[in-house]
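Paired with chain B in one complex and with chain C in the other, chain A is shared by the two complexes that follow.
Let's look at the complex of A and B:
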């Protein structure tokens, strides 16, 4: 593994840590005071800092260090937490994210001076920070005499610490000096190196550590304080801390005795650490000693989460990092397998093996297996949508501060699992929509108060599963869409003709028109006029739909419907005009035989089907798609009733239903272009291509586009 | 063997009706026989539909129709030249592939001004040899542009 590869791994892990950081801070900002959360936040920053040190990313180390110190204030005393402070920490997380990005991709150095200052002021860090900077790096032993006995009611205690690092400690980029320095901040620390294990030169292996230290720490601290600096390395060293007998609390009389004890401790004599002096051998250290063994594995596999993450993470199942291209390949092969299987099914059926025969049974078994494998493969790609949602909280913060508005993001259903390709494609459009919601949707604080709303606007972002698709909703409690203004702008820009009469719904949808921008002036945030039409295109590119509804004064509500997966679909195969077409089963309501008594003609030859009292537009698919000139032989036709995502129904007239099977979705766009009424294509068992119908598009075009003349038979009805 | 000379370009020569055309060999992916295609709705008449090329959807252009020549329609004897145009692949239905030519730079000319609009649109350069003249087909003009924005 070369340096670049290690660095790549580091940045990949940084991504995880940043996500954890942000998610933890977000939980904290919503009032969660679980100490484990602040610990995980702290760990995240610490891990980023540790790795950054190894790659000499100084900016990152410096900022992470201040950040870490600030977090430590809250970590050690939760009452120090306040909404303002957490808000500041969230902004720091954003800056940290930027610094990491710059470190990875290059670019302008992030100016973090201001926020560092803010952080230091808010958390009174300055003193501590100076200490850290003034500390002498290469002096061992370290002796920091920032200690004044008079300041303390209780006398200091002298801890005896035997510390023998293992190779792994250095491999993980830790530095004993730093640990000693941290100990020095607790009190007076004296370190003595035990060089007795260093072999003669001829047997010397430079890659093996032979040094150990005996430390004496005089400090008014408890055991956990003393252990803290070792927190990240305890798996990689032999550590023994001997706590002094409880010193007498009254008076300072015994100090001299105590100091006498210290002198003894300064000796190289290690008899106090009975079995702790054999270097490298894992002796019973503390309750974490069992963890030492698994930690070795971590180093070897390099696939486990960072060891610093603590023992809880190690106990959980180990995630592996896999290049998403490999998973994509698996998905593609899976798709080919589904095709081969349906070819095989066809052959076996044609050969006369029915489902009762051994061949038929084996085939059923194979189909079940395929289905299982398929859902397992799909599960690999399913990821919680949370990371994308977390990014949105940053967007809200940034836009709110840029526009001087106040807005809060509320997340719901962020653990909803979504196919990774969908997640990747979702980030940009979602960012845009959230920006718009804050910039255009939420009013200024004064306006909100005047309208009798809470000062802080609320944007609710939710994800859920609903009948084979993922629904993402963005709801704001802002002013809603200003319809007169939208209409005025659309007319001015020639998007609609001046005399067009539009329904409220149609006006709302104008914001998706290319080149439309409601903002009077172009702002930094949004309003370049490339907004919502791009959003709609990207969502459509994912096979989804955007719906909008808005109520003046109450807010706007965007709904995104996205497919669960982009790869495979349960399809109903129908035949019309000698063409086989696929309908997504999820949109099929029912199939019925054609009965002319139920068909009526309305207006200029628009036929409707009376279905249990409801009138549903009839669409002759073969004719609408231009496959046949003349109308289908209606008497023998079958009607498939379908429903769009807007809950509008249409009745499609087809020649016959061929069957139902899973089909692999193949993009038409990759080699051609998008075709109206066609969602995608698939390959049938015969190797032929069948088109997958875009039910929503067909339904919405619906009655408008039926141009076929009514057949004489039907005219007399009505 | 052949000397690697950058002054040479290689072309695949094929027959459409009675005429010969060519395309750069570097944009050619494969040559295969004709298989029945699936017709696409709302598509131009020169687009014969799509076929399955080992799992990808490949649109087929009837080159004769596209170039405004008389088209006999696809038969078993027709062949499909699969070419790459930018990041897309498309199949060209032609009568037959006749030759592979190595052409010297000095034998390549710009297409002369023609009265025929279609010729000006579809032809790139002209290969001028002693006994024949072969027009290079401009692949980027054959397939309709990206997304024609749906209303």
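Let's look at the complex of A and C:
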């Protein structure tokens, strides 16, 4: 692994940390005071800073450092938190995000001087002396020069060191041998063990350290070099270092001769200092003491709970990272499995095995399993929509600040899980819609106050599951769609004819028309010539629909319906003109047998079905799609009543219903081209291709045919 | 025989970095992503030196050090604290928990190796 690869990991991790940061701050801004939230926020900035330092990303380190200090103020004392401060922290998160982006992709240096100052003022952070900071980061006192020490040009000096470790020293994992070894790297070190304090065996307490050393170090080093190896043990020992006089002392040899000598550069065996008994070996003593002294068991039991608790918490949920290509492959394979299963079902049924036979039972088992596997695999791809929602809070902040408006984003159902592909495709249209809501929907603070509304506008973004689809709603409490203005613009731009009479709903929907923009001037925020038509296309591209409703003075309400998954559909298979077609089960209301008495003709041969007192357009689907000439003999036909996402119904006439099964969606656009009224295609168990109908499109066509009649007149069919 | 170092850090970047530096210096490396994971890895391996971050989810560095020190025969292993924390109080707390030494991030690979060599057996 090279540094570039580690850097990639770093930036990927930054993405996670930034999401964590923003999500935590957002929770804090909604009043959540759980200390774990500020901890995770702090950790996020802290980790970003840590990695940035390693890659010498100085801008990032500097800003993260101030940011971290500010967060630490709240972390240490939650009463220091206030809405204004959290708002500032949220803006800092945006800036941090930008700095990370520049560090990763390059680009102009982000100017963060102003916000840094604001942070320092708001949180009373003292501007740090750069040198002081430097000193802090240089806290590891290992002199690299000392390791390379081989210049004995100047005569060595002899330091006298009296070193008496305390129990604590061993308890902290230190070992005098290692200190001697390090001293030995400075020059020649000899050590004399002082065993005089070791008591006789009957008074011996294995938990008490009695051994100390007198060392002589001959080295051309200064006092701080000699002190360095003791840095971590200073508080756990008595240490006296006597600096040499000008002239180097000789006599180390004597000491070493006297006690057998110890060159600290070699492997040190402390038993050499006495008879080899464990008495003199501190490490052994302390290890033995654990077995010997029952009091230590108390320590063990005390320490056990955090370890176990930690394990438990960890076992609860531990995400793993998987290459999305692997998941995609799994999804594809599962799709193929669904197809194979339906082929098998067909073969087994054709062979005459009914559901009561062993083969039939095994098949049912297989179907259940396939369904379970499918939902499990889909769950892998599903992610909470939260990260996308979190990004919207930044959008609201930025647009509000750019337009001088005041707006608050309220999130609901952000833990709703949505297919990854849908999430990816949702970010752009959602951003655009939220921008529009702030820019065009929410009024200025003055206007709002004048209208008796709260000064701060509210945008409510919610996600939920509803009968096999994801529903995302954006509600604002702004001015609502200005219908006269929309109509005027649409007429001016030739989107509608000057004399067309449109319902409120139709006027509202004009904002989705290509090339429509209600803004008088193209603003920085939502203009740029990209309108709601692009939003609608994006949503449709995800297999979804976008609806609007609006109330003047009260606000607008956008509803996005998105499929749970883009890969599999529960389909009803119907037959018409020898073609098998698939209808999404979610859009089927009921199936009824054709009854002539319920069918009427309106105007020029348009048929409608009278269904419980309501007239529903009747569509001969085989004819509409061009499979057959319009047929009048519907005596043996079946009617499938379907409903669009706009809650409009149509009655589709088909020859028969074939069955119900899951189908794997194969895109028409990517394999062929878009065909009106067709949503996608699939491969059936027989290997045959079947088209999946776009119910919404079919229903809206049926409705148009009927409403296009100037004065509909109901007639009984012949 | 190669010396094994157990490195505990919640940041993937840091883990990769530690692994890169330590392996480059000839150490065997066992990685763990928080204190709890660290204790598991400690039980399953024979590290001679432990390096740990302080700020971690699930089980932080303080708890981890205390758990190691209160544990079995591996309780005397040298533990180096690796953290960007620069204030003295944190260092003091780590030391009270039983840390052997500390390395302040961002670490210089040579300093890291130097610190490990300083405490390794």
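The rule is short, and it goes like this: the second predicted complex is superposed on the first by the 510 of 718 C-alpha atoms of A that agree within 3 Å, B and C clash if a C-alpha of one lies under 4 Å from a C-alpha of the other, contacts with A are read in each partner's own complex, and residues count from 1 in each chain.
Convention: a contact is a pair of C-beta atoms (placed from the backbone, for glycine too) under 8 Å apart; a residue touches a chain by one contact, two chains touch by 3 or more.
Predicted model only: the values in this text are computed from it and were never measured.
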### Touching partner for A:10 - first (chain B), second (chain C), both, neither
second
### Query
Does chain B (first) or chain C (second) touch A:49, or do both, or does neither?
second
### Partner chain(s) touched by A:171 [first = chain B, second = chain C, both, neither]
second
### Task
Would you sort A:689 into first (chain B), second (chain C), both or neither based on which partner it touches?
first
### Dominant contact partner of chain A by residue count, chain C or chain B
C
### Task
Check the residue A:627 against both partner chains and state whether it touches chain B (first), chain C (second), both, or neither.
first
### Query
Looking at the overlay, does A:675 come into contact with chain B only (first), chain C only (second), both, or neither?
first
### Query
Of the partners chain B and chain C, which touch A:40 in the superposed model: first, second, both, neither?
second
### Message
Counting contacts the way the document defines them, which residues of chain A are shared by the two interfaces, the one with chain B and the one with chain C?
### Response
none
#### Entry: chain A partner contacts - residues on chain C that touch it in the complex
10-14, 16-17, 19-20, 34-37, 39-40, 55-59, 63, 66-67, 69-73, 75-79, 84, 86, 95, 98-108, 110-111, 114-115, 118-121
### Footprint of chain B on chain A - complex, ascending
332, 335-336, 339, 514, 579, 624-627, 666-678, 681, 683, 687-691
## Note on the structure
Listed in rising order, chain A residues that touch chain C in their complex are 1, 3, 5-6, 9-10, 12-13, 40, 42-43, 46-47, 49-54, 61, 136-140, 142, 144, 147, 170-175, 177-178, 182, 229, 231-232, 235, 283, 286-287, 290, 299-300, 302-304, 306-307, 309-311, 313-314
### chain A partner contacts - residues on chain B that touch it in the complex
36-43, 49-52, 55-59, 88-90, 143-150
